[in-house]
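I am attaching a structure below and will ask some questions about it afterwards.
Letters are used for the chains, namely A, B and C, taken in the order the chains are written, and counting of residues starts over at 1 for each.
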Amino acid sequence: MISLSLSEKVMLGTALLGGMAGVVGSFAVLRGRALVGDMLAHAALPGVCIAFLITGHRDLLGLSAGALVSGLIAIGAVTVITRWTRTKEDAAIGIVLSTFFGVGVVLLSIIQKPSTSGNKAGLNSYLFGEPGGMLNSDLIVLAVVAAVVLAGVALFFKEFELTCFDSDFARSQGWPTLWLDLAMLAMLAVVTIVGLPIVGVILMAAMIILPAATSRFWTNRLPVLLLVSGLVGAAAGLLGTQVGRGYPAGAAIVLTASSFFVVSLLFAPQRGVISTLLSEYRLRRRVAEEHLLRALFELGEAELPAVPVIDVQVLRDYRHWWSLDRLLERAREEELIEWSANHVQLTPLGLRRASQITKAHRLWELYLVRHADIAPDHVDRDADDVEHLLPESLVAKLEQELAAEGRLPTVLAEVPDSPHVIGAEASGSVSP
Amino acid sequence: MSKTAFEVHDMTVAYQRRPVLWDIDLAIPEGKLVGIVGPNGAGKTTLIKAALGLVPLASGKVEIYGKSYEEQRHLIGYVPQRESVDWDFPVTVRDVVLMGTYGRLGWFRRPGKSEREIADRCLQQVGMAGYAKRQIRQLSGGQQQRVFLARALAEEAQLYFLDEPFAGVDAATETAIVELLHALRSTGKTVLVVHHDLQTVSDYFDYVILLNMRLVACGPVETTFTTENLQKTYGGRLTILDEAAEAIRRQKPLP
Amino acid sequence: MSSNTLMLAFAEPDPGIWIVLTGATVNVACALLGSFLILRRMSMMGDALSHAVLPGLVVAFALSGSMGIVPMFIGAVAAGLLTTFLTQTLHQYARVPSDASMGIVFTALFALGVILVKQFAGGLHFDIGCVYQGALEYVPFANRVWGLPRPLLSSLIVMVVNIFVLILLWKELKLSSFDAELATTMGFSATLMHYLLMMLVSVTTVASFEAVGSILVVAMLIVPASTAYLLTDRLGPMVVLSAVLGVLSAVLGYWGGMHWDTSISGMMTVAAGGIFALAVLFAPQYGVISKVLHNLRMSLRVLREDLLAMLYRIEELKSTKSLTPHEAQTAVGGTWLAKIATSQLERRGQVGERDSRLILTEPGRDAARQLVRSHRLWEAYLVKHLGLPLDHVHVPAHRVEHYIDERIQKEIAADLEPAAQDPHGREIPE
């Protein structure tokens, strides 16, 4: 056996715990069972105490066995309560959590009386977490559990994925979703229980939820999610024990994980807050620009094909603008308009874009007016998508109708494409 | 006469002890496009779920190609309602379609190259090949529906159950789905579709099941989809059935 | 109640009285809010808030330098509102599932609190163990304010506040818990009510912390209310009953804690859980036992009725065949229940024995006639309205006949008009 210093053992142990909690927690969170980990952590206490009363010393394996038994009884109790009475699931979880924990507190205070024999030193760690006392044997238990859990996930990945995503469909294919669900719960229970003496009751719930929620910001694929989530958990364990020296270890680990979460929440591409705000801003800018181009097109429509010069004041009165000057400034930069003092004129490129936008807009309007009763849920679509979304035959029909009313903008094909990337970006098509 | 693909005998289905489908008895020949039509709460989805063994039968039995559902599971494809899943789930379009092959793969085996090819082909069939790597949240309602259809295609079944595939989809998707249904029929598959739009029933389907807590009628569209039958289907519920169902719910033992 | 306590204070009662009184006030304060938590499906919010207030308390302590009631309450309310806000925001804007977002917020805040305790409140009152288990045992020795131990006083204040708010906003709370959208459209913002409730929970939690610890708070917030929910169908009685159960748990818990010399607040939790377990088993309408008994009674009734109907049909066919009790029991399934059903029929005088053969008595024949009537009416109805073929109607009718009461019989009869025969051509008896 390689001999490790205590701090190395602690690092290794917390990293192992964080890793497997991240993997198992991902399934729990996706299945809507985020708080079951919390319940299991609390419900383990009476089992720990009883195991201690029987064996008389702190031994991770023995106490974990006790914890596992009372955790499974707790799951059974929740099932019975929700199935046989009208108590809702969240209440059942809360009731079982607090009652079991109450039993645990009662037993604990009996154990802690001076008259009760045995070495009680390690028992409090089940409440508050104390990785400092990690023994070689504890490390081995953690490693074995991690290996078993990871192997289980690798073996049943496909089945777990299907059950979590669409359990009715899974059942229609003949999968025993009940047993698969129980297997996921059992893994959650085992991980929660070996983690208890390291991070404590409350914070174990965080170890289950935080890595999964963090990695969800970074990926849309389940295998990657599991991997990232495991890494986040392990990193939180490693860093938390290092950075948080001198502080309660469980809290330090959880705060490290929380800071990963907050960073992801803010900075993740796509799902992060900043990127969401940014893309909202871009969308608003694009919409404003389209409004501008359409306004310019409509104001000069009568004089086409000559491209008329429009008075800025006329434009200003045409509709409500939100900082028109900035909008004009940007459109000029993109070479969509010529703008001097009080006069605006579309460039050839601008005219082409404007006629495209106007056409799409009118088709869409017409569609909504004529056919909206058939498909009222399309209203939120971008006007741009109209040609992709409606069948060709329908678009052709709509075009005819518009042409009959003399409102079909001709898209000027001879205008060259913009030499700038801006044009491509501004056209804003999201189709592949 | 062709084979019978799907047959239900004297089936009663109850939710929370309250019967929602009474004594259904019907048979669907192979190779038909079948619309399941009826008002809200008529038990259309329940009929499908009962056929798939997703809800227990209070009585009666379901047969698929003459055998029990458990024996013939591999012949069945299923498209649940779109709202039934979490579209935020971290899977891509292709992952979802691959799930259609899981039933065939059985325990432990992972989808390999041939399964991925099947998935891609099915995506192609529903016109979604370009979206394979997208997360499913980023699809429009119609596109999500197409993905579900592709998943069912990947099951390579003989008998398909589609639960409201036309709900909340755009016109293009509706057309695409209908074309796909016709393609399936031309290869001898049988497809049962829960459908809401009465106007399109005669265009889309060649067989129809009219349902309102009980079976009103089941047969070819030309002879069955009549004003008289529609009046029976939509002309209010049979209040005595409702009352009896309520009496049973109050008194009957729990399963 | 408060004048009562003051009077007791003059006589300086037994320390146990203080403990029970404190436990009971805390329990009542919590239980009053519990009904709304469980009806809004927010049971875990109690757990979340009771942990998440920790950093608020520490910050309040660090800023004010004291453990005074006012700074503690302000800290708790701030932390509680922050938790509520963050939980909702994470769910709405970052699409974190709602249970996960609650789990993240309260554990992270609790962890922050633990660190802050270490930083600012090192050796002070903030014993984390105390947060869990409380120190109910020390209540009699706590500082006195107006003659009352401080923990009792603070929980008393909170209880009075809760009662006051509940009376004042009863209709609003009721409406917004039942139908949040309706409440909002009627001008009682559901969001506002949500925050108000969360604020009350935070304050209650904090007031109770010192005395009883978080675990009892979490339990008392939901367990008595859940028990009451199994016993009554009306909100008013539910709230009152859960308060009564809170007091009962306090008394039982105290007694148990003294008897086994263990944590009193732990015992109170166990008492509340035990009462809930009793309700799960024995609740008259929603309990497990009542359901099992109902099932048993129903199975027996079905068997009795099957036996009666069988005997009636034999008579009707004027068959010479007759059945021994054993044969009859075998025909209806042959379980031990069938034996009980037979003896019940004999005891009720609906069935007699002649030459060890079962025969119908006159009352038995009347009852059987009604059953057969239900059966045949239902058959006729199925044929008419469901268009079932003749050979398909017997089995469904056999299943349903037990549930067709006189009213439905009448309705079917009216629907069928003059049909005096069932579809098989047999007479439908009157």
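Just so we're on the same page, contacts are C-beta pairs under 8 Å (C-beta built on N, C-alpha and C of every residue); 3 or more make two chains touch, one makes a residue touch a chain.
Note that the structure is predicted; figures quoted are calculated from it, not measured.
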Name the chain pair with more contacting C-beta pairs, choosing from A-B and B-C. A-B
Among the chains here, which has the CA centroid at the largest distance from chain C's centroid? B
Roughly how many whole angstrom separate the Cα centroids of chain A and chain B? 31
Please tell me the distance, in whole Å, between the geometric centres of chain B and chain C computed from their C-alpha atoms. 37
Residues within chain C bordering two or more other chains: 95, 291
Each of the following residues of chain A touches two or more other chains, namely 216
For a test of understanding, state which residues of chain C touch chain A in their complex under the given definition. 38, 41-44, 46-47, 51, 90, 93-97, 99-104, 107-108, 110-112, 114-115, 118, 128-129, 132-133, 215-216, 218-219, 221-223, 226, 229-230, 257, 260-263, 265-270, 272-274, 276, 280, 283, 286-288, 291
Chain A touches which residues of chain B in the complex? 49, 52-54, 70, 73, 76, 78, 80, 84-86, 89-92, 95-96, 99, 102-103, 105, 107-111, 130-131, 135, 140-142, 151, 155, 168, 170-172, 175
For chain C, which residues are in contact with chain B within the complex? 95, 291, 294-295, 298-299, 378, 381-382, 385-389, 392, 395-396, 399-400, 402-405, 407-408, 411-412, 415
Under the stated contact criterion, what part of chain B meets chain C in this complex? 10, 12, 22-23, 25, 58-59, 88, 214-215, 238-241, 243-244, 247-248, 251-254
Mind listing the chain A positions that touch chain C in their complex? 29, 32-35, 37-38, 80-81, 84-88, 90-91, 93-95, 97-110, 113, 124, 127-128, 202-203, 205-206, 208-210, 212-213, 216-217, 244, 246-248, 250-252, 254-255, 258, 261, 265, 271, 273, 276
